Every structure is written in C-alpha cells, then in structure tokens.
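Heads up, the next two complexes both have subunit A, just with different partners, subunit B and then subunit C.
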Partner chain A sequence: MGTNNALNGVWVFGDYRNYFQNRVTLQLIAKGKELAEKRNTKVTALLLGEQVQQYAMEYVAHGADVVIAAEHPDLKEYQVEAYCALVAQWVEAFQPEVFLAGATSFGREFFPRLAKRLGTGLSADCVALEVDPKTGLLLQTTPAFGGELLAEVVTPNHRPQMATVHPGVFQERPHNPEAVGRILYPDFNVLPQSRVRLIRSRRQQIRKVNLEEAPVVIVGGRGLGSKAQFERLFELAQLLEGEVGATRPVIRAGWAEEDRLLGQTGKSVKPKLLISIGTSGALQYTTGIQGAEIIIAINRDPHAPIFRMADLGLAGDASAILPLLLEALRKRI
Partner chain B sequence: MIKFTESKISAHHNYLVNDLLTPGFVVGDPNSSDAFYFWADLVLPGESTPHISARIMDEKGDLLLELNGSQMGENPGKCDYHPLQGGFKIFRRPNEPLLEVLTQNFPRGHMTRIKARLFDEKGDLRVEPLGESIQVHGEAKLVLDAPFTPSAR
Partner chain C sequence: MNIVVCIKQVPDEPTIRIDRQRMTIIREGVKSIINPLDYVALEASLALRSRQGGEVTVLTMGPPQSEEALREAMAIGADRAILLTHPAFAGADTLATSHVLASAISKLEPFPDLVLCGMQTIDSDTGHVGPQIAEELGIPQVCGVNEIILEEDFLMVKRLSDGFLETLHVDLPALLAVTHELSSVRHLPFGALEVAFSEREVTQWGLEDLNLREEEVGFRGSATQVWKLQSPPPRREGDLVTGSPQTLVDHLIRKLEALSILDEEDGHE
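Right, the complex of A and B next:
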C-alpha cells in the first residue's frame, strides 16, 4: 500500500507527554505542513511508546500526512539510548530533509544526541523556520551569543536539517475529524541495548501554569527588587484573568518556578496583552514575547531596550506604579 | 532494510485489527448470500458507534447468526446479544462469548476493539483473538477508504 517517497519530507518528533497542555508537537506539525507544502512533500510525525493510538489520531487530525508508530511495552517510558537507536535507523532508511522537535526538556536531551549520531547539525531553540525560496534549504532562526542577536542558520551539506523550537512559537491547525492519513508500523522485535536501566518514573506534582494559552500575561523581572514584589503580580494577573511569567534572573533568584520562564530557554507566548514589569528587555527574554499583540512596559530606566518593543511605556519605579495599578483595577473590576 | 507494515488512519474513528489501526475493514465476501463475512464499516464524524455486519458460522460451517449494522438478524444458533457500555457482546452459549465489540472514547476520537473467534462456511478459522485486537485470516480488505457498499446482497 502506498509508496514511501513522501517520507523524505518534513518529520516531527511526537512528544505526547502532558498532551493536552503541551501543544508543541501540534504546533510543529502545522509548521511542518507549511514547510512541506513549499517543498512539495509531506509531513510525518513519529510516535514511540505503548498504546499511542489516540495520539496518532490527534496528529492526523492536526495535519500529519503520515504517522510512524513504534509500539512496545519497553518504549512506554522515554529511554534516550533506545529512542535514539530506533529513530536513527528510520532516519537513515527514509532520509527526511527536515526533522523538528519541541525545545522541551525532552527535545533538548534527545535531539542533540540524535543529531550527533546522524552526523548532522542542530539549531536549538529556534524562534522561526522558513524555506529559502532560492535554495530550498531550511532557514533556522535561533538566538546566538547569549541571546544578543538572532542568527539565521542553514544546513547545506548534511541531512536531516534538524531544529528544536519553543512551545508557542507556531500555531497549531484546527482539529479536523475528517482527516485521513497513512500509518506505518516498523517491524522490530528486539529493542536496541541500553546502558541505562529504568527502575521507576514518577510524575512531578507542579502547579498548572498555562502561559501559552493565557490572553493576558504579566511578566516580572529582577527590577521588581524582591520576591514579595513579584508575588504581587499574581494579584494583578488574577484581576486581569491572566498568568504570571518570569525572566531568567527571577527564576535564578528563586522568586518563581521554572515553568514560568519566558524567552529563549523558556516559553513563547502570544497573549492579547502582555505587561512587562521590571524587565530590561534582553533579547533572550524578548524572543519569547514577540507574539504578544499589545505590550506595556514598566521600568525605571527610560533607556531600557524593552521600551523599543513596547506599545506603551511607563518609565518609573515598579514598586510605586504596581500598587496604583492594582488599586485602579480593583475599583474597575 | 527496515520493514514496515502500513495502514490508513482516520482522525475520528478506527478499528484495531492485526495490531493496526484502520478506518474500516472487510473479511470474507459480503456480496455472497450464504458465505461468511465480517464487515466493520467506516464511522464518520458525528457518529461514535461502530457499524458491524456479519454472517458467522460455527466450527462445522453451520450458520450461527447474522448481524446487520450491529443489530441481530438471522439467529439459528440462538445466540444471546448483550448491550454493553460502549458496545455489545454476543454469547454463543452462557459463558461462551462469540464476539465482543467495545469502543474506547478518547477526548477527541474513538477506537473500537473487537474480540472474536469466528469460522466460515467451511469451518475454517477466519478471525481469532490477538492481544487486545483480532487477527484475520483469508480473503480480507483491511483498509476501507469509503463506506463499503456490497454490490449484490
């Protein structure tokens, strides 16, 4: 049935853990479909695990033309060596042009290993992907030099062209229940040997943070001065029915959990309104907020780079402005 | 060289057969007036229950029952039909299940698992259990692209 010539197009690695919260695979399938259409080829999603049927159906509903599904009880839990060995075999068999994964903790471990094994390059934490109309190569835009500038990377000599992309950078396609795709099941009886033996895994209990879907995001930076000031952002977020995000210095200071991190090494958001308070506007942070429709910035330094991308800027001390803002909102809401 | 088994997959509903997802399948010949067949038809968006039609025989090739759109038809084998949450189960005799059809509802989409041990008019085994699904034998079309229409019934 069918031919395999469509399998050398764009591949997306299916990271289905926390499926209904983590949408990055669906976002990459949507972008992969767009890239594949420009290259006149197809988008293929890879699934490894046990009982992954519903994810295969979801990927097809969101635009995957083909799903490669490897089901085995020993693949239920992620094991990097086995996953790498299996996926490398399939890549070598089908020679995809492009291979994408989410820049999640999973993708950040798995994809560099896979790229090394395949002898190709990897652009990590990309914030944009396009096809060069002249060469057909994948243009991979990624922060470089500590986030001080954005580099456009191409991989002219090696395949696949591999990239990881932040959750929230691209938008998923609507769920289409009428979609139909191909599904391929690779034959394998014995899993590749792994030097790591999984004894048990346990899901970390964390407070649910849904920054990517929030219509309003309040971001606090180190300029807030203290954890107590940062905590006030939660009241502001509650009044505006939004979520609270943070910059890397705030995470380092222990004022917020890692899953609130925005920017190059964290999440990318696309809210209708983003209020950035006490943030200077370093590139490694602003790459995560480029999709915001309206940005209001509050910073005591009138020359802070954040004002260059803000629609409205307030140059002043956040500790003085924040109480006034909260009071005004409490009266109005 | 890596070997792959290929099937089609619907975003809305699939059956699990031979450990593969498929939108629909047919075993045997539904066009015949007296031969064995098992026909699991496409379930289209807006529907969530599978459409199973079949003519099932026993080990000797004698007719046990006919199913039309998951409803009992001719039933010379005096089989019992039991509706279940998400499907149905047919018993040949008490404590002797003949066929079980159960649909699992995902947040978006559905998957139907079938358990059965079915014989054709020659007494040959055509469907048998395989893990959580079934293995089919003999003439079969394992992937339906559109709702199946028998040419002469």
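Right, the complex of A and C next:
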C-alpha cells in the first residue's frame, strides 16, 4: 500500500454482516470523518471478507476517504483470531490515531482481543466521541456505575485510541454517489483460524419482535414488580399498535426474552412515541431510546432520572395506572 | 477436565446510590453479590466436572472482601479458590485486569483445559476481560456461548451472534464467555455456606506471587484514564404530573390525542 499519511488518521472497522439492518459502520464513518477533520486527517474504513467491493463502494459514498479492502476466500466468515492477526499488522504499519468499531456481537468479541494484542486501551459502548481541543486526545464518553454517571475516558499514551459504539448513537451521512475515495486492495497472507471452526450457521428465524420499526414502543422496567404486571404491557401495545421492549433487569428476571432488550447491550429505537413504565432511567437503557420523538414516563419515584428525559412524566404507581389506562383505551379503540 | 472460572464481586444494582455532589458511588449500604453471569459460568463448570471429573478453580481479582464471593462459589461446588489481591491492583482498566488474571492462570499447574467467565458484568458491562485473557494466554475464545457440548477432546458450542445461530467446534484449551441462557443456577446445599466460610481455604496471591511489577498492573498498568465523571444531561425535561391514578391516565389520554395516536373524542375536554 506504500506510505500514505492519510492512513494514520481515524480508522473504522467495516462490519457488514447485517448491512441492511445494521448501519453502525456508516454511522461511525460519519463520526470518524468529523473527528478526522478536527485532527486534519482522513477517515479510513477497513474491510475483510471474501468479496467486499460493494461495501467498499458504499463506504466511500457515505464519507470514507480511504477503504482498505482485504479480500480472500479464507476470510469469508468472521473469525476473531485471523482478523486480529491481519488487522494488528496493518495497525502497526500505518499507526492510526483512532480506531472505532460498532458494538455488535462481533465487534464486542473482536475489538477487546485486538486492543490487548496492540497493548492499547479500549472503551466500551461510547455515547459520545469528541476531540479535546487542548490535547487533541479522543474524549470517549461512556456510561459508568450501572449507567448512573457518564465517564469521560481518554487513552493518553497508547495508540490507537480504541472505542466501540452502539448502533444508533450517531447519524450516517446521506449516500453520495459522487463522493470520491480510494479503495486499496492489500496483498497479504492469511492463516485461517483453525482452533475455532464454524460448523453451522443459520439466520435466526424471522423475528416476531420488530422493535426498530414499531411506531409505538412500550417499555417495562423492574419497577413493574412482577412478570404478571409486565405482561399487561402486551395488551397496551396491542391497543396502541406498538411493540413491547424491556430493560436489562427485566430480562435478567426472566419476564421477557432477550430480543426485547433496549439500550446499551440491546436495541436502539426511534419510534414516534415511547412509553416507559417502571424504568428508573439508567443510562444503559436510555442510550437505546434517545432517538424517540416523544417519551412518556411512568414511575412512582418523582425523582427518577427517567423524568429528566421525558416529554411527559407521570409520577404514580404503574399497577394502579395500567388497569385504568387499559380500560380507557379499550373504550376508545 | 480442569476448569478455571473467573468471577467478580459487584455491587447489587438496586442498592447503588450516587453522591451527585462528589460524583462518586456511595459505599455505605451497598450489598455485594457475585456477578449474575459468573454464576452461570460456575454452574457450567460444575456440569462439565460431573461428566468429566477434574477440578474447578474459581479466581477473582479484587479487594480483600472479594473473598466472600470465592467462599460462596466454593459453597456452590468449586474445589478451590484463588484471590488475587494487592493494593497495586486497584484502579485497573480491562487491559490491566486481564493481565493479572491471565498471569494467575498461567501459573496454574496443570494449565487448565477450559477458562470460563460471564459474558459481561453488571457494573461495568464492557465484556472485554474474557477475550483479553484469551489473547494473553494465546488460547482461542468464543463469546456469547449459550450451550456447551463436550466431545472427545474438543467442545461444540452454540451461540447467537448478530442474528445468526452458530455452532462452533472449539479446540482446547479455550476460553468461553457465557450468557444467561446457558443454565439455571442451583440452590445452595444446606449448610454449605457455613462450611465454605469456616473450613475451606482461599489461596491468596499478590504482586510478588505473580512476578508482576507495579507499573504493569492497576492504575499504572492501565491504558485508559477517567478524566471526569458527570451526571447525564437532562435531555427533555417535560412536565411532571402528580395526582390520582385517574388524573394521570386523563393526562396521558390527552397527550395521545395531541399526538394523533388516539382520535379526539367528541365532548372530551
């Protein structure tokens, strides 16, 4: 690939496995470009796979200045060890300042191992990324203490400064077919991963839960008190033509399945209306709902943090409110 | 099959309170528990031991009181416990934490066939430490495992990864980070906790036992630093309504009408 100053800027890992559902790479290219401009450098997307040209072109159209497209039949499946070996070589050769990845299942498995191999720091699930004007360091804002606080994290002495970001935190740039970028096809040898081999892979069956596209989302938290109370939300969702989401403590309590999880380690939603019931408002959850147009919160504690991000807050007991609300709606619809 | 289970003592979520003036966690009244997914890892190790024999070792890095978590793990069924504790270990990020844990695992003889940990902790939720231990030990890893099938001298594991149900062949030794679907947690045998607290030994290793230097562990061995902590900014701050449940429901219905989610009702308002 030769020497190229453009390659020591901001790198974004190209995670394309669910390209149409998961736009996190495009969102990171947009954010990476903004960071790169502040640092007077470029944004480079890194792609590994069997045939990735179509994604490389998409990345350019969405703002990537350079795409490194590593194509090889042995890279057909995502593989942590083979990817680590290759990517670590390129990072050592080109010395990027910043390296970002989406907090997808693969990103969360691959990036920690890569950071360890490179001997550098990694922050998880950032909700904001900025350049510190004084030091030029990447300010990585990440939830701390169960999401009650935000921590501003820096990696002062190690490079690259690495971070993962949950899908939906940043906005992608519009597709621009006129955009100009360079696509590099490096030469390399790949050692296929032999110690972990994919035997079978099938797409999970079409999910009944389509939280991301529901115009109305009803979310229940542990404040509901019981599985029976939580299950009343399904009727509410049905009456309002919405879907039911849940917070981590609810999943942990076994009141709902993992595919309803919202927030840092679950889904991000942008409905027209979101009603959040019995949720305290920990940042790990609210990260996933900040894109909602209107948020209505119901919680018996008038000081619950959820009210600070609600357009309408109802301070009351959900177990008393829910039956009355269902009754009122049944009459109307 | 010799198995190491990495566990962490974490504050029980509902008891966490924040001193918003000083931006620190209020330690008083915080109950400590074993990270819930670590129980799942422990349970998986006991199931494998019951079929294959061998030893289960539980390992944790933390302040001296983390010993309670190890004793609880022994009460549940672990054969032995090692506490990695030293003042220099404090303030570690995941890079420094994984270094201490991996150093301790390397010291074990024989080297374990399997290292298990929970996919993430409820306090920091990064999920970094498992893969980083595997990297330092030079062994393969699989994260998000929800089923383990023991074969002759390898494992078949299943997991859900980005919408794909995957079955993977994993050579041993390996590290698996497990999720909560894997197994349910058994109840403590009667009296086991008492025995674990009064009669069992917990090995304690510090900096010197692991042949580590202060600059490679804890705060000094960390690549990341926390510059500051802040409260999340209010994002909207709409009206907060109090009153009887019926008053609240009336407010909510009016809001739904204003949003055109409900049709306005004749005579309403």
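Just so we're on the same page, the second predicted complex is superposed on the first by the 256 of 333 C-alpha atoms of A that agree within 3 Å, B and C clash if a C-alpha of one lies under 4 Å from a C-alpha of the other, contacts with A are read in each partner's own complex, and residues count from 1 in each chain.
Keep this in mind: a residue touches a chain if its C-beta (ideal position, glycine included) is under 8 Å from a C-beta of that chain, and two chains touch if they have at least 3 such contacts.
All values reported here derive from a predicted model rather than from experimental measurement.
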Given the superposition on subunit A, are subunit B and subunit C in a clash or a fit? fit
Have a look at where A:Asn157 lands relative to subunit B and subunit C in the superposition and call it first, second, both or neither. second
Using the superposition on chain A described above, determine whether A:Gln171 touches subunit B (first), subunit C (second), both, or neither. neither
Rounded to the nearest 10, the angle in degrees at the CA centre of subunit A toward subunit B and subunit C equals 130
For A:Glu58, is the partner it touches subunit B (first), subunit C (second), both, or none of the two (neither)? first
Is A:Ser226 touching the first partner subunit B, the second partner subunit C, both, or neither of them? neither
Let me test your reading of the model: by the given contact rule, A:Leu184 touches which partner, first (subunit B), second (subunit C), both or neither? first
Looking at A:Val67 after the superposition, I want to know if it touches subunit B, subunit C, both of them or none. Which is it: first, second, both, neither? first
If you tally the residues of subunit A touched by each partner, is the higher count for subunit B or for subunit C? C
With the two complexes superposed on chain A, say which partner A:Ala93 touches: subunit B (first), subunit C (second), both, or neither. first
Can you give the closest approach of subunit B to subunit C, taken over C-alpha atoms and in whole Å, for the superposition? 21
Within the complex, subunit B is touched by subunit A residues 1-2, 4, 20, 53-54, 56-58, 60-61, 67-68, 71, 89-90, 93, 175-187
Listed in rising order, the residues of subunit B that touch subunit A in the complex are 1-12, 14, 16, 19-21, 23, 45, 106-109, 111, 143, 145
Subunit C to subunit A touching residues, read off their complex: 11, 13-14, 16, 18, 23, 25, 36, 93-95, 98, 120, 122-132, 134-136, 139-144, 156, 160-171, 174, 180-181, 222-232, 234-246, 248-249, 251-253, 255-256, 259, 261-263, 265
Tell me, which parts of subunit A touch subunit C in their complex? 17-18, 21-22, 80-81, 84, 104-106, 108-110, 112-113, 115-117, 119-125, 139-140, 143-146, 148-158, 193-204, 216, 222, 240, 248-249, 252, 258, 264-265, 272-273, 283-284, 286, 290, 294-296, 298, 302, 305, 307-317, 320-321, 324-325, 328-329, 332-333
